[in-house]
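In what follows, structures are represented as structure tokens.
Both of the next two complexes hold chain A, though its partner changes from chain B to chain C.
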Partner chain A sequence: MSHTLYQEGAPHDANVSSTGKIMRLVIYALVPAIIAHFYFFGWGIVFNLLFCLISSLVTEGIILKLRGHSLNRLWRDSSAALTAVILAIALPPLTPWYLTIIGCVFAIAIVKHAFGGLGHNIFNPAMGGFVFLLISAPLPMTEYIEAVPNNYLNVTAPRAISIIFNINKEQNLYNAYNDAYKHVITRDDADTFMANFDAITGATFLIDAKHEQPKNNVYSFIKVRMMDLSNYTFFAHLVISSLFLLGGIALIVFKVIDFRIPLSFLLTVIIIASICYEIAPNTYLPTLYHLTFGATFFGAFFILTDPVTAVPKPIGAVIFGIIAGIIFMLIRNFGGYPDAVAFSVLLTNACAPLISILTKRREFGAKSHPGDIYER
Partner chain B sequence: MNRWDRIRKGVIFSFKGGVYPEEHKSAHVFPSHELPFPKKLVIPIKQHSGVGGEIIVSEGQHVGAFEPLTASNSPMAIPVHAPLSGIIEKIGPSLVPHPSGLAEMCITIATDLPAMQVKYNNPNFPLYQMENPATLLDHIKNMGIAGLGGAGFPTDIKLRSSVNPNNPCELLLINGAECEPYITCDDRLMCERAIEIVRGIKIIQHILRPKFTVIAIEENKPQAIMAISAALNEEHCEKARVTSIPVKYPSGAARNLIKIITGIEVPYQARSSAYGVVVQNVTTVFAVGRAVLLGEPLVKRMVTISGDSIRNIGNYWAYIGTNVRDILNACGFTPDENPRVIIGGPMMGYTLPNANVPIVKTTNCIIAPRGQELKRLKPQVDCINCGRCAKVCPARLIPYELHDYCITEEHNLALKCGLKSCIECGCCSFVCPSAIRLVESFREEKAKIKAVKRKEEKLKIAKERYAAKRIRVQEEERLRAERKAQALAKAKALAELKKSQKDNTQEDATRALKGAEKDAAIAKARADAQAKANTSSKTNGDTK
Partner chain C sequence: MSLQDYTDIIKDGLWKKNPGLVQLLGLCPLLAVSNTATTALALGVAVIAVLSLSNLLISLVRKLLIQEIRIIIYVVIIAALVTCVQLLMEAYTPLLYQKLGLYIALIVTNCIIIGRAEMFAAKNSPLKSLLDGLANGVGFTLVLLLLGIIRELIGQGTIFMGLDEFLGPIGNYFTIRLFEADKGLLIAVLPPGAFITLGLVLALKNFIDNGFEQKKKRVKKSNTTDISNQ
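This part shows the complex of A and B:
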């Protein structure tokens, strides 16, 4: 036995989880929602994903090399890929290519690595990148494509590419609109289609509702837009939100994320939205629309729960979710922006370190007394 | 249902945290075996937590089996005994099982042939019911019994703190949980020596007089549960029951076990005896039984030898002092590249830098894993605050936060964050997705805090010494000044006397003498005042 014995600290065993695995599980949980996106919004999401992934991974790779890390971290923590996927879903489906790339580079280089890389960033990288784009280029960032079933047949790959690269954009948009029209005609509900929109891109329902808000006209606006299950926009958003919800529940079941942040966030949103709607139904949207439209479930399960920028302590997580919910509803109901996930996430991220310091965990045995054994 | 009903009926509670590592307990099916007769035994004189005793034997002396080798009056020192008869070959430092390969004082015995063994007779108490608990406790100490669950705390001290009538033992908890993976020696011992364990329990019951006794066994040991239950009936051990508890690591940690059985959380700053509970490991109880009934000191214990690099895994009876390398070779050790030899379980044990070390009282398991049987650590990456460590911490700490304080050497914050409550169970490191060595950093921080404390104490002593020296020097100066003033005054007086003698006037002379005395007194007063002023200003300076 002349072998030198290998030495290591205890414990000598580990379970199989790793940072990369956690991140990849989150990506897998997003896949159903991405497919629904593809179904309702066409090929735009595919190119968003492609551009985001390439630019994020290249940026991450360059910065890892510059910081003297090995490139296999790209796979080992997979965090850049997750940031790319989240940003790709958050961006409008036909975002110009340069905006996508700028957003990704900003997210990875400035929001993440300038603060010390994975585990040290204060703000959620994807949301940082998104807000950067939203403030710098408000118009293209609020121009969404209308939801139509089987939209991948209308917004085809070549059309999406040409729109994204701004080659013959108007013509391609028009073609897509025509196809959508024809497609729907065969399905025998042309009236709904005509009633819904007159072009294939436009402002989202939330933006339109925001415009109606000063006129105290929201309630009748909803009636005019026929926001029920026969409406494509509503149906599409309902499906996508449900898939985010399902993905989120799967993550909770597989113990990738904790239920506290999404639950407290959603409860806060529901409570505030219901109160506002009860008080002034003409000014504020009903609770169901708050949950369905925009990125409410996406934010609750996939963005707020980013462990680096959240609070992992049980009580802290609840407080974190409540603060995020309050900011979210303040912006949506009283602020200038139609959707509020990105801003509420960033503002709550800023509170996270303080919440973390101020919340304590009950120590083992803090409540017990020596006489406990005699307790009746 | 009140607490006692629950305890009596075996209704259990659960504790927060804990992990479920792979069990690897295949060695539990193998009945225990004797190892080959050792030719040489190396007995470290300190094998428990406390202090070592003084050696009472000398080189070249022949000792009998069970003969004490050390003795001490200190309560924290418990003796070691010769497991076999033989000649003392060497007394001196030798490698002991320790993660850093320390050498400590050891006694090496060249054993006699098996047929020529001589036994030293220790007192025994077969009729222990007639004995005073104090006598039995002294005997337990003299037989060298320390907690065999792993910590090695002197058993007699633990028992003594509950003999006190102001702080009686209400519940005796026998720990047969054995929650660490691989280790099966307690399981085997309970299966094979249930009667002797129950006799040990009865002795401890006689000493402590608890209201009730619970033997807690994890439910993955059905044979042990049956054996102990049967033995309790057979030995008519009353007010006792076996409670099976769910499999979870670390339910065998004393405080977690108390929580499971009674629902009481004993804080880490308090002794469990203050809460009326005494926890003893089954192996310790077995050793107590043998020591009291047969007068056999703790010289032999069951050790689990396991791991894929071992051909004949199983449970073996090993004499204290047997060489680990010899044991491994006897069991068919076939090392792979970078072999690991782990003493203790995979969660809390340590890798040996050198296998040429003896078995000690607290060695319960030797693991020689092969390849990825026990996963080798991945390179560490940065913490992502996922909070998994906090979820599994059985001490309800927040390890990721504590880790931050440890690596930035924020000693006070680390202590505030509960560093002292950490039992180093390894759950946090086990689940960490970033492969951060949390437990290692906590151990390091504990050592650093200890070093800082020692340094501070040293500094305090040095300061006190310096202040004392300064006062002494000032006192000397003052005395010297006083003597000088007196001498000067005397000289002056003499000079004046001579002068007056020249003048031949008696009156002048006497007057001069008086004047000189006055001068001396004034000078002395002045010197005193000055010295006082000096010291006071200096001491003020000190306090500032």
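This part shows the complex of A and C:
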């Protein structure tokens, strides 16, 4: 951090050390997924990013000034920008502008700075803001765009802006839907598109599957929606998830994040999802869909691994991932919400300090009596 | 028994040792009932009535009490008063009574009331105790009302919706609607909204207190520098 020359203590680990560098690397790793998002879902993500970045950076700047820090921190730790980017990806692409801004202000001002700023926040700011919006405005927060090839030609910039600001919203949504149909008609899946979607926005596959769950009808519902590789929605989500996976692997290779948290999280998810599906295939979704749809990979590699709110220690990291995976699957399969990344991240964050204390390693030379280890 | 004592009691109850913001007593009704301004006001009035009367009665009998079982006697007195208030509310404002539900009865276990009885009424004269009960009750009600107004405004875009159930037809004049209910942030009306709002109000109170303290210091400093200059 400081630029004066000095010799550090013995383990000389050539690692990415500055906070800002780490945060910016995470943002770069998200770029491919953002581009795919733009291709499949149109201009909404661009405006989400714009609004989130502006409101987060302005809020961060004001609070830094109020707390008597220099504005250099905006770039030096870049954490507000990362929060903004994560929130922008998590939000539905055409979220009304005031919700986006409220979410960002809440994330930065309350979730991060009210707890003491970067490094002291208990909860992941982006997920805090997301859950705040999800509970506050359930209706707009569940209207996602359907995946259509070249969707940036249908959900164009002027249309996206007018929908976000609620000017002629219905007309613009209808135009976008018409264009999407024209583009899709050249493909084989035009019939599926018409059969499945009566508007350009709608509930996601996970939400629809959730509605089928009480009727024990999930298996036939999947057959009706033809959710396999021939289906474009499935293909789009598979591509985006794979890009999150690639970005995550790149971060692991560059030693920005620890591989233990995502690995243990994903393994737990796969095991629980497989068991549930084996027992009752009519009630629970297959494992592959749990991984593909929703934000599973996004959460595993980019949200859970937030260095402030996760547990860094080897054993602790594994336990952290497992707990997150268990909560995630409990909410998805037995709870009321279709996707569970945000809630599972927040609940696991709340456990993190305890995990951190309980997995504290014995220092070399310290007494092996448990009381000495767990002290403090 | 100077006037200073009485103003101190009022100041403590309303601001310095406000039961809602400083002592943080009675959080259960404070968080559960403050989702609309009307329910907050109604519960606040009930608390004022019970708190001032219980303080008065306990102070009157304080010399007859047996030390070992004094808490039980407090509870009996408070429960009797709460039952009166509950029956009155059920008779005159039945709709509101249904909305407040359990929380009227829960005033019995409210820490503020036993707290004031034990800390103040058991040691002071009836008049002082009555004043202390009133000041604490009003202080608590103001916090409750502030939370209720903020939460109802953010959550539903209204203030004092349904006040006519409490005050009769006059209440309708106080009802204000600022924007449509579906534009509100639902979280404000839900339990997490109560915690967040209370936290922010606490922060505001501490901010104001800090401001006063710094002002005082500055005044003192300028006074001392004036003296040293002379």
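Quick note on the criterion: the second predicted complex is superposed on the first by the 340 of 376 C-alpha atoms of A that agree within 3 Å, B and C clash if a C-alpha of one lies under 4 Å from a C-alpha of the other, contacts with A are read in each partner's own complex, and residues count from 1 in each chain.
In this text, contacts are C-beta pairs under 8 Å (C-beta built on N, C-alpha and C of every residue); 3 or more make two chains touch, one makes a residue touch a chain.
The structure presented is a predicted model; accordingly, all values stated were derived computationally and were not measured.
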I'd like to know which partner A:361 touches here: chain B for first, chain C for second, both or neither. first
Could you look at A:246 and tell me whether it touches chain B, chain C, both or neither (first, second, both, neither)? neither
Given the superposition on chain A, which partner contacts more residues in chain A: chain B or chain C? B
For A:207 in the superposed arrangement: first (chain B), second (chain C), both or neither? neither
Pick one for A:312: touches chain B only (first), chain C only (second), both, or neither. first
Does the superposition put A:137 against chain B (first), chain C (second), both, or neither? second
Classify the contacts of A:118 with the two partner chains as first (chain B alone), second (chain C alone), both, or neither. first
Chain A residues within the chain B interface of the complex: 1, 3, 5-19, 21-22, 73, 76-77, 117-120, 258, 307-308, 310, 312-313, 356, 361-368, 370, 372-376
Which residues of chain A touch chain C in their complex? 102, 110, 114, 132, 135-139
Inside the complex, what are the residues of chain C that reach chain A? 182, 185-188, 190, 192, 196, 199, 203
Where on chain B does chain A make contact in their complex? 2-3, 19, 21-22, 99, 170-171, 181, 255, 262, 264-268, 270, 274-277, 325, 328-329, 333, 335, 338-342, 346-355, 367, 369, 374-378, 381-388, 390, 394-398, 400-401, 418, 421, 424, 426, 429-435, 437, 439-440, 443
